[in-house]
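For reference, the structure discussed in these notes is given below.
Lettered A, B, C, D and E in written order, each chain numbered from 1.
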Amino acid sequence: MTETLFIGLSLSSILLLIALGLSITYGAMGVINMAHGELVMIGAYTAVLSGIYLNLNFFLALPLAFAVSALVGMALERLVIRRLYGRIIDTLLATWGVAIVLQQLIRLEFGLSFFGIHVEGLGPGLQSMDVPSFLTQPFEIGGVPIQPYRSFIIVVTLLLTLLTWFLMYRTSMGTQVRAIMRNPQIAAACGIDVRRVSAFTFAYGSGLAGVAGVLLAGFKTVMPDMGASTVVDGFLVVVVGGVGSLLGTVLASGLLGQINGVFAILFNDILARAVVFGVVIAIILWRPRGLFSFRSR
Amino acid sequence: AGEIEVGVLFSQTGGLSIVEKSLADATLMAIEEINAAGGVNGMTIKPVVEDGASDPKTFNEKASKLVLRDRVPSVFACYTSASRKAVLPVFERRNNMLFYPTYYEGFECSKNVVYTGAVPNQQLSNFIPWMINTLGKKKIFIVGSNYIYPREMAKVSKILIEQNGGEWVADEYLELGHSEWGAMVSKIKASGCDAVLSNVVGDSVIAFYREFRNQGISQEDIPICATVTSEIEIAAMGAEYAAGSYTSFPYFQAIDSEENRSFIERYRAYTGNPNAVTHHAMESSYFQVYLWKQAVEAAGEASPDAIRETIGGQTFDAPNGKVMVDPENLHTYLTPRIAQWGEDGQGTIIEAYDEPVEPLPYVAYGETPENLFCTTDGLDSAKL
Amino acid sequence: MVAALTIDALEVDFGGFKAVDGLTTVIDEGELRVVLGPNGAGKTTLMDLISGKTGSTGGEVRLFGRDITNRPEHQIARAGVGRKFQIPSVFRDLTVHDNLRVAVSQVPGVFRNLRLGMAAADRARIEEVIALTGLEPVLDTVAGDLSHGQMQWLELGMLITQQARVILLDEPTAGMTQAETLKTADIILSLKGSHTLLVVEHDMAFVRKIAERVTVMHMGKLLAEGPMAKIEADPAVREAYLGTGGLH
Amino acid sequence: MTRNTLFRLGDWGIYALFIVIVLGLPLMMDDVFWLNRIAKYLVYGMLGIAIALSWGYAGILNLGQGLFFGLGAYMVAMSLKLQSYTSMQQGSDRPVPDFMLWNAEPGAPTELCCIVKGSWLWLPFQAQWFGMVMAIAVPVIVALILSSAIFRLRVSGVYVAIITLALVLLVRLLIIDAQPVTNGFNGLTDLGWLTVAGIEFDPYMVSTYYIVAVSTCAVLLLTRWLVSTRAGLILQSTRDDPNRARYLGYDVAAYQVFFFTVSAGIAGFAGMLYVIAAEFASPSFLDITFSISMVVWAAVGGRSSLIGAAIGAILINTIEATASETEMFQEAWKLIIGVIFVLVVLYMPRGLAGLAQDLAGRIADARVGGKQRARTGAPAE
Amino acid sequence: MLSLANVDSFYGRSQALHAMTISAPRGAVLGILGRNGVGKTTLLRTILGLTDRSEGVIALGGTPIEAFPTHERARAGIAYVPQGRMIIPDFTIRENILMGGFAATGARRIPDIVPELFPYLMDNLDRPGGVLSGGQQQQLAIARALACKPKVLLMDEPTEGIQPNIVAQIEDIIIRLNTELGLTILLVEQNVAFVRRAAKAFAMIEHGTAVESGPIDTLTDAMVHKHMAI
């Protein structure tokens, strides 16, 4: 029983990890960033490359990946997204193109492969990241087996969620972000520097994706299209939770993760996924704006 | 003098390019070597390379381009069964030849395909008995990715397990390309099995082995015995996660022969990557070009019909040893081997057949060396 | 004679807050009824309840004797209720002419609208409305490009095209110049008799011009009802609405 | 001549030109491979039309259009599979798909009715017409049920997109999992050819091209007619302001359901034609990437122009094909495509059709000389 | 205090202001009149830099600000009460008011004058802005504008949809803001009587240009008739 709950919890934490960045870029900024998965991927590659070239360990890779993904996100905001605020579907389409480009850039080793130069750690192949061995050795506390890596992910996710909540709801930056989302013109007229705040917000959401990338790299394969499959799950979570509601995102990932875990243990993984999709559809039909959403008149 | 064109169709882009790029490289390397040695019948081979983009629709379109527009007599192509199935109608209806280098589930008997990868009996006929009798693991948990190959491998395995007095405790699947193994591995732990037979493919493999270790299962207690885990995945997961587990394949990078060492060296030089790994499907991609060359030379021409006539019975000293195309079913005789993975990411070959084993594509259906379903005139439906 | 619109002990509860609280009033056919009340009195909510936008939690709305309480919006509209919103709402991506063409169709179903062109009668009605509202020069303009005032006109025009028997107008002159307000008053007066109108407005000059019977709401309840003159003299109304009382 | 008449003429001119080129192509080109390839792209064009109809005109973004395409494809592929030579080869005189044999439990009867669980579903597909009818009927019915639920419950915007997305993922999962009846991941291959009145339609024959070409033109004209009707106008009004439409007495959901369903029917029809031209059906038709690609094609062509979306689909696919077959771009072509998508969204938000309209607008202004304002937002073609 | 010289302003390709020239000296209340669609709202939006593009000189207290982005102009002391109020529906009343303060330096807090002017708002600080009635939202919009301690207040039809006794009160508020806080106010209005009472000067707009202007007592009925009749 506790084991099932733990599996559900760890599934939830991974969903939340991916959805957290999205709930900011999508929920707070109205950008459907299909390249979010690629920012996750960039975070993972940052960890791989920093391991190979800088000999950085896993823990130092976390902030580094945050920074790298945040920078890429910031560039993305500057070059593409900035011109598309308010055109939500267009953000989806444009970032879809960006996702293709980013994937292909990694695959082609930033184009160096054309010149026959091979960069260790890049290219179309699979890469791996080393995890400190104390995070992979399970141990027991009072007869309860503890999986350190998954527990670590759960804790980091929790901390990031709290941090995000604090930033969004307890700081003036957060108010600014939310004001911009609702009405950028009025926000500007109220003295908010829309461009700067948007750029920072987007960078923060992207940075979260980078951190997710490192953590995922610990138990998943690092490869150019590793992000593509995660982004869909992330969107399902954000939308089911209610766009713009951080609490909704947290609860939706909790719910979907637990459902997935329980069905996977009781029946099988395939059925579990089918049930998750079914639940997503049912929830949206039941609450057409997600679990938590503000209803204006 | 002159040129002869052949098609080379693998995914250069998309998710499958991870593996397929190495197949394309191996094919092109073989072509380059042959050309350097004077070509075939005095003609240079000119590869027409196309990108399948990891999508069956694209594979189908490009195959028809190669066959109908470029009119190449043969195409070296495809990694997944899904892509092979998508191009098959083009080859059969237009009577062209496809050379397919991947291990696959069998159940095909096409006059237009030469299969140079292993079929289930060439990976399992020694593996399962060895697991039960030598390794002494009687209760086996079968897991796989949810598609045809793992399901058919499971079917063959179950027959073999029962024949050898073992017992399979479960047969479970995870969606292809997924990597959330938490629930599955805890089921394995709870099942009381002695060993896991893994037909997991692609990047899911890495997540699987890592989760296995993270949940504290040791390869000594419950070894993973895999049919698909190759050097690629081992390198990517970090060798320590796989150390102690087993794989059954006809080819390993660790095969200790002059041919193989030279092959690895040439491949690394060719790709410009000193760490490039070699593996079964890419080795097949390599030697099948030589088989094709011999067939063309034997026929004196390169028409698909001529190649089909002469390809049967061709033998070649491949990096894995001697291989031969079965004239009955155009599959390839290969030597099954079992390797145990070490801390260095290389396998140690601990068990091998003495000589190549006959390919039986319908083995799950009851095909035996005495009772062949696939004949020179196609599938013998009376036996099914 | 059956009343055009009967509102019977109507009530809506927003989580403990009753925006409309047991309101009862009867509007006769062809009548022009003005509803007054302070900001937040529940006037717009009343219209929401009649037109089906908001579900009521008590009471009844009857249209020509027929119960329309909590029916879906389009059915209420088909039964003969037309509505203009406080914030002008038109089809912003369609031209003015297309807006009117959408409004004119008398058949609701998809299949019966699968035809090109318009019946002569429909075309005539659109012409009439164009003449009445003076939208001729902007017929081919996309409605989103109209000025605020023009949008109000267009929306009013659509209600007339729609041939609603009961028309609910929520602040139809908001943002209009005095001259335009007067013209609007004329249009509304010309509809009186043939249509039943329920008008919410804060512009007292306009109200004086059109009003006969007036209903005053306050905090969701009926505060006063009667002829304009009597209402203006009512101390409770002066206190809550007209006079120089404190802000609530 | 007024500006509007000029526009209308130009508009019809483009339709006429498109139809003439599509139907006349075999006269100019005798490369069977390219004819077949263009037939496939015309099918994609049809998908573009379906997207433009639901997205451009109804404002409903369907990120799961591949579901309907896939269903259509599978339905017809089932009946063609039963006509394939290998299905007849199984020792019985009645067809049984080869894959069912090796998915069957040992000792199961080799009859279509009961060889594997659920195989009886295949029985009616022995008649080819049944598969063809189902190829449209099944998507239509699924769309009808789905969209009734969605629109009656007033789900809108991106939430519709997510439901369709989740559904296509769900169905894809089920198709792959139901391997004994669907052949799982490999899809249905080794099909017979479409046979009408004893004539077999080889996908590389001109007549097969014409089946696709005529269908595409018919669908184009049909949808064009649909959106020009009053119902089409009302549909566009529901996109702009569903509440307004409701208070005018329209059952908004009914309009959305109708057009969503038509769009699904077109996608199903396209799926059927694709199988006829490509000879296989695969669960990859239900991949998310494919569904999103369709939307991108429509965006490139012009989301609110039917013919624009069709041309967008054909154009993008032709560019992809030629780029990927140019040796220089072999590995970089995806990069190029990605960059094109981004640039189109940034600099041509209304796609090719928008570009054409602006151009036409300028020409018309010069001609008419008047300063009449262009109809900007409305989906003019 | 605020002046525009020869300003053109554009939405996309269409021009909404043509060579607009007006000025409001310190402490002025400038009533801006004109028919629907002549560009009154556009004028205010141009001052804040909210149209797509504009040309010409806009100066605040002598400093040209036309090159500033919107938020800089707000920080320079221009506050805006928009037509249609534009309250953020899911922000509470408190958050809506405090939002205005991003333009002010120092701690963001509700200005002292708000409780005095709008007791309803102070009693309901935690209700979401989206459920308020139109009149309540108008009060909120004014309170929000005051939160940035502006020098110039732009008001776009602040009496639209407001009950008569509060209209009178808004009139008082405008006068008080002007006299007590010394605010310069640009007041767009359709209600000429209201403008006559509240404003000190006027500008009449036609086709995106100021056609008449002067002290409020020079506003004749003939002008009103000429420029504001249908």
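Note that in this section contacts are C-beta pairs under 8 Å (C-beta built on N, C-alpha and C of every residue); 3 or more make two chains touch, one makes a residue touch a chain.
Which chain is which protein? Per UniProt: A = Amino acid/amide ABC transporter membrane protein 1, HAAT family; C = Urea transport system ATP-binding protein; D = Amino acid/amide ABC transporter membrane protein 2, HAAT family; E = Amino acid/amide ABC transporter ATP-binding protein 2, HAAT family.
Here the structure is a predicted model, which means the values were calculated and not measured.
**Student:** What is the set of chains touching both chain B and chain D?
**Tutor:** Intersection of chain B and chain D contact lists gives A.
**Student:** Measuring between mean CA coordinates, which chain is farthest from chain D?
**Tutor:** E
**Student:** Farthest chain from chain A, comparing Cα centres?
**Tutor:** That would be chain C.
**Student:** So the centre of each chain is just the mean of its C-alpha atoms; given that, what is the distance between chain A and chain B in Å?
**Tutor:** Going by mean C-alpha positions, chain A sits 35 Å from chain B.
**Student:** Can you compute the centre-to-centre distance for chain A and chain C, using the mean CA position of each chain? Integer Å is fine.
**Tutor:** So the centroids are 48 Å from each other.
**Student:** Please compute the C-alpha centroid of chain C, do the same for chain D, then give the distance between them in whole Å.
**Tutor:** Between these chains, centre-to-centre, one finds 44 Å.
**Student:** CA centre of chain B versus CA centre of chain C: separation in Å?
**Tutor:** 74
**Student:** Give the residues of chain E touching no fewer than two other chains, as numbers and ranges.
**Tutor:** Chain E, residues with two or more chain partners: 14, 131.
**Student:** Counting only residues that touch at least 2 other chains, which ones in chain A make the list?
**Tutor:** 104, 107, 228, 270, 273
**Student:** Using the touch definition from the top, which residues of chain B touch two or more other chains?
**Tutor:** Residues 13-14, 146, 175.
**Student:** Looking at the complex, which residues from chain E come into contact with chain A?
**Tutor:** 48-50, 69-71, 74-75, 79-80, 82, 86, 88-91, 95, 98-104, 108, 128, 130-131, 144, 148
**Student:** For chain D, which residues are in contact with chain B within the complex?
**Tutor:** On the chain D side, the touching residues are 31-34, 36-37, 40, 86, 89-91, 98-99, 101-102, 110, 173, 176-177, 179, 183-187, 189-191, 202, 204, 278-280, 282, 284-285, 287, 290, 321, 324-325, 327, 330-331, 333-334.
**Student:** For chain E, which residues are in contact with chain C within the complex?
**Tutor:** Those residues of chain E that touch chain C are 14, 35-38, 41, 83-84, 117-120, 131-136, 138-139, 157, 160-169, 190-192, 224-225, 228-230.
**Student:** Which of the residues in chain D end up touching chain A in this complex?
**Tutor:** 61, 149-150, 153-156, 158-159, 162-163, 165-167, 169-170, 173-174, 177, 288-289, 292, 295-296, 299, 331-332, 334-335, 337-342, 345-346, 349
**Student:** Which residues, counting only chain A, touch chain E once they are in their complex?
**Tutor:** Interface residues on the chain A side: 172, 175-176, 178-179, 182-183, 185-195, 244, 294, 296-297.
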